[in-house]
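Common to both upcoming complexes is chain A, partnered first by chain B, then by chain C.
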Partner chain A sequence: MTDIILQLVQIRKSFGDTTVLDGLDLSVRRGEFITLLGPSGCGKTTTLRIIAGLEIPDSGQVILEGKDVTYDEPNKRNVNMVFQNYALFPHMNVEQNISYSLRLRRVDKATIRKTVEEALELVQLEGFEKRMPNELSGGQQQRVAIARAIVNQPAILLLDEPLGALDLQLRRQMQMELKRLQKRLGVTFIYITHDQEEALNMSDRIAVMRNGQFEQIGTPAEVYSRPKTSYVARFVGSANILTGTITGVNGKLARFENHNGIAYISAQDAPVTAGQKVTIAVRGEMVKLTPEYLDHPERPGHPEQPDHPQYPDQPEHPDHPEHLHHPEYPDHPKHIDRREHLEHLAGLRAVVKDKTFAGGVLQVTLELSDGSEMVSKLHGIDLPFAPGDRVIASWEPENAVLVDLEETA
Partner chain B sequence: MKRPSSVPMISGKSGGNAGLSGKEDPDGRHMPGEETTQSVRTGPKAAAEAPRTKRTKRRIDAATLTVTPLYAFTLLFVAGPLIYMLVLSFLKRAEIWGIIHEFTVENYLKILEPVYLKTFWESLKLAGITTLLVTLTGYPFGYFMAKLNAKWKQRVMLLLMIPFWTSSLIRLYGWIIIFRANGTLDRLLMWLGITDAPLKVLYTYPAVAVGMVYALVPFMIFAVYSSAEKLDWQLVEAARDLGATPFQAFWTVSFRLTLPGLLSGVVLTFIPSMGLFFIADILGGNKVVLVGNLIHEQLMKARNWPFAAALSVVLMVLTSLMIAFYRRISGVKELEGLL
Partner chain C sequence: MTKTADSKVLKNRTIANVYLGLMIVLMYVPIVLVIIYSFNESKISSVWAGFSLKWYEELFRDRSMLDAAINSLILATVSSFLAAIIGTLAAVGMPKAKLITKGLIEYISTLPIMIPEIILGMVFLAFFTLLRLPFGMVTLTIAHTSFCIPYIYMLVKARLVGIPKSYAEAARGLGATEWNVFFDITLPLIMPAIVSGMLLSFAMSLDDVVISVFVTGVTTNTLPLKIYTQLKTGVTPKTNALCTLMFVITLVVLLLSSWVSRKSPITTGRRETHEKPSENRLSVDPVG
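Entry: the complex of A and B
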């Protein structure tokens, strides 16, 4: 049972030659907190303005509570917006700002006073009625802007980076307050941010935006742990993106190789076949490092075989063409007793390039043999890695996610 | 042609403004874009408040050094003549030429004669009509000009500035060519078949009003423009979003926030229009007599200097009252009841 409050259907919008929104689709459920997340200039504000009626799309439909409002005036729509810079009326005090929409509707004075009082209590600004906007701090202005937008009881509240101008601490506090407010009011929030942490903290769903389209829409957990594309993986939690080939599939496990080494990935969510070129995403905090001195001479990347990587093999795929002539062919006598060991050591060769310590996490930047970089986030400060060390980067198969399947298919 | 008599009075009232800005075009009008009323407000007041703090004493001394010559200059060339005029207005005129140094209030009593009162009334009326017309044309112009993109703003601004490169007198003669019997206007109207006989607009009240509006509308435009330019259009969007119709959004937000510009435009229009006697002279013939004309006449033709001085003093007091009124209302932040 889903109650859709707002639907955007194939919204297109251009300014001059630049296409800002390119066939955008979105369904918003009643009462949910949905966040539009994307880099600067991807069209988040434009989307919100189209919902508010401050901008008319070139084509497409805006359906609000089952009614097509694409061409309705902003004052005819039951949505309110909290602008990024608050847009409080400078010539009105807090009370007048908040009661603006009520006064337009000619609500009687007693009701206005009561509503304003309640709204101020809700945003914890009791006693600020007579202050002018320029006599308020940024956070207080922010609250007034929210109070002003909710007194009208809109079906949807649109918030354009409402915390963008606040410092980190106040931001954290306001994130919690906003979330609490949204729960309490039960109003649908469409929230813009380009801070992925904020999006993950607050949202019921996140819509990751790219070049005027939604790349992925899902719960924070889905978007974070199961990104569909490398763009989403990179943008949400800055994952490592690796490309390579599938060289074997064994039920739930698939073997991934590139010239840095081999790795195992989970093949449960997406079917892959041997020989398929794939892109995988692995979060830094999932990447483990092993010093290379633990390694075996047969280990890929061992100095003895710099240009001739050798692969551990699996009996499940004896027909892999490469393996027939390979010294590590499963039937090869010298290989069999080592198989387990090599499998255990699966990983990518890398050299430690840099390490920084921030927030209880040691962030190690690795350089792979093709010159690309990878990040590993480790807990603890006293780890035995120094710039220049050779290491093996590895991860549990279920922590690597196949991305960009449609694109590479 | 002499300067319109009202100009030194405004400057005199502004206490140092004439000396500080000193930037006037040949007609004695302030150049557009200059915030006359602003400097009226800040100039002397700021200087008076400054010496109070001990900390800044050194800086004050330096400031005093620069300001002193300006004040001296102002005193000499603005306050001096004003005091002279004030004294003059209480003296008697000589039979044929000059003055008699004898105190009298006769000059002021003379103003109360119906003929002269009527002149004041006519001046106020014309100034009122002019201001109204200037507001109705200049406000929308300035407001929408602020909405143009940068390129068009520049072009429109240039078009508005070009007339200032010519003497306003020459531009007035242009109006004669348009308004005179069988002039451009008459021929155009007859050619279009709207009228079949010349209207002979020249030397009528409407001709004077048009001349006044023409001369003063740029000041309204600039005043409104500079205030609309600063307007945050997002506030209008916020108002629309909160349920205001386009007109409600304009009235409760845009208009309220451009009101200071409108008010200074009104002051910049109303006050000079009481003194622009040469427009009434050239476009109105003898039919329209304003206080400015009267003063000019008393001074140059009737040679009644004391009476001319008394008229000037009264005009100046009226203007000052208006400036005080303007400062009063524009100083009040909250105009209750507008929304």
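Entry: the complex of A and C
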């Protein structure tokens, strides 16, 4: 049995007619770094404020260290909050800010001085005691806010998008620092962000929130590669969401089919039966692209079909690099066994709509026949795909994840 | 091309300067004149007969004048303090109140600023008569306090709006009770507003005639009332000397008020970007 430090039981909260939290359940383990991830307005800040005691839930319980604190005042709870705007008291210097909680408890001066010194050392701001908050940069203010929040040794530290106001570079650096600090202190962190990258970088567990409920709670790896719902798949790493029908199951593999083509998915994690309508999620970086003419010649639309309008004379088609369609090229359909080829190139037919290059990755946007879009992320910049090209999008079966299973008709 | 543009700018600037000059003359020349005449040897204001401090001497020998001055100072001090307490409590407490009539109350409480003073004076007179209060310092204090409250209330309220809620919330999380939050966080942050409101109230009270005329007693005189009654019997340069002194006191108070409000520790976004000099200072002389 792991040590549960905080439990939220069926928390409900509405403001006027708007239901913000709709029966939230959460267990937080001692010493863990858990991130509430969701878009703005999903209720994550309200959740944090309820834990801190700054809001009272309409119903439900907040159990902190085994004690029901739902209606306790914020100053009676052993939790501290770090705000996005840092909330450093502008009329107190760094030392006074950090020592505020200790002074409230009438800790003696020598201990205060020592504790402040240690806290500043921890956040690498030695010698900043006498500075006023407005003399500090954003990153330094953030560190002071964290130092202030940890000196009275809270059971839980609540962080409400603490890095939101920092620039990207500083944010990366602070992510690492926060993570290190958390490990060193062993304090439980409940962290809020809408930045999925930040969540994946720092967290032990991620709770993806949507409309006042948790959509999925799991380790970053689970949430990223095994999203339970299409919402999670889209929000964490913006996966492609496809709908279709299972047209056959063969042990570990299931055949997925829609009007764009056939694909294979792994049937290991979730049992599926033939005829079942399913939604799958595939990450862009798992989607491989192949020029369509390499596909099986009996497929409609294949260039070897005499009536294909777009590729009347395939081998000389000007849009493709010569080596790919030259009959002597080893992958040319002439040289490949037909069955094997079909297996190999199973995929969805699509047209390249757009391509953009960013951060060493070529992002190719594809349009499927129903007008929906799909994204493939490929490495390298010099890839032979131009807008208008017909391609086959395919992936390894284990990289496609079944999502939204409860929604199957 | 640029030359005509330049001359146009110059012309505009000239017009602006002339306008500004005219305004300054209209507003301040009378004051300057009064100050100058207060040092006039002659009894007739319009004739300059040489520099003298005799009117000031005479002023300080005038027992009733001094009594009036002391009354005025006590009145201004007491009523600005009372107004500061009441106005601050109202500004701090009002956002927390859950009254249906809150909007109405807020509106009414700022009325004394908008109502003509003469009406306010009438109202106080009627009210105090009804209560059978003896007219004198007590009624003066009540009246002055109540017309000073709105200034404090509005200044403190404006300052409170600029204080993020997260300060109080962070303090609460760190173990502070509501009381701790008020005394450790809120009060220090609104102090500049309270002080500048008090100084403003002090100045308002010090030179109030209209309301004071209605609520003062037969035996109680304030400085402005004294001057006003003197006007009826003819202006002596002594009055000029008194006006000069009052002008100086008011000016000092108002300067103090604006200095206090500028020295506020609240960081607005704009101020933060202008905080460079202090950074430079600290980088030259690193702390620790």
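To be clear about the criterion, the second predicted complex is superposed on the first by the 367 of 409 C-alpha atoms of A that agree within 3 Å, B and C clash if a C-alpha of one lies under 4 Å from a C-alpha of the other, contacts with A are read in each partner's own complex, and residues count from 1 in each chain.
The definition used in the following text is that a contact is a pair of C-beta atoms (placed from the backbone, for glycine too) under 8 Å apart; a residue touches a chain by one contact, two chains touch by 3 or more.
What you see is a predicted model; the values in this text were computed from it and never measured.
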Clash or fit, chain B versus chain C on superposed chain A: clash
Contacts of A:F83 with chain B and chain C, given as first, second, both or neither: both
First, second, both or neither for A:N250, with chain B first and chain C second: neither
Winner by number of chain A residues touched, once chain B and chain C are compared: C
Partner chain(s) touched by A:R148 [first = chain B, second = chain C, both, neither]: both
Touching partner for A:P133 - first (chain B), second (chain C), both, neither: second
Partner chain(s) touched by A:P74 [first = chain B, second = chain C, both, neither]: both
Which superposed partner A:T273 touches (first chain B, second chain C, both, neither): neither
Set intersection of chain A contacts, chain C complex versus chain B complex: 52-54, 73-75, 79-81, 83, 85, 87, 89-91, 100-101, 104-105, 132, 148-149, 152
Chain A to chain B touching residues, read off their complex: 52-54, 73-75, 79-81, 83, 85, 87, 89-92, 96, 100-101, 103-105, 132, 148-149, 152
Footprint of chain A on chain C - complex, ascending: 164, 166-167, 169-177, 180, 184-185, 188-189, 265-267, 271-272, 275, 278-279, 282, 286-288
Contacting residues of chain A [partner chain C, same complex]: 52-54, 73-75, 77, 79-81, 83, 85, 87, 89-91, 100-101, 104-105, 126-135, 145, 148-149, 152
Chain B - residues contacting chain A, complex: 232, 234-235, 237-245, 248, 252-253, 256-257, 333-334, 339
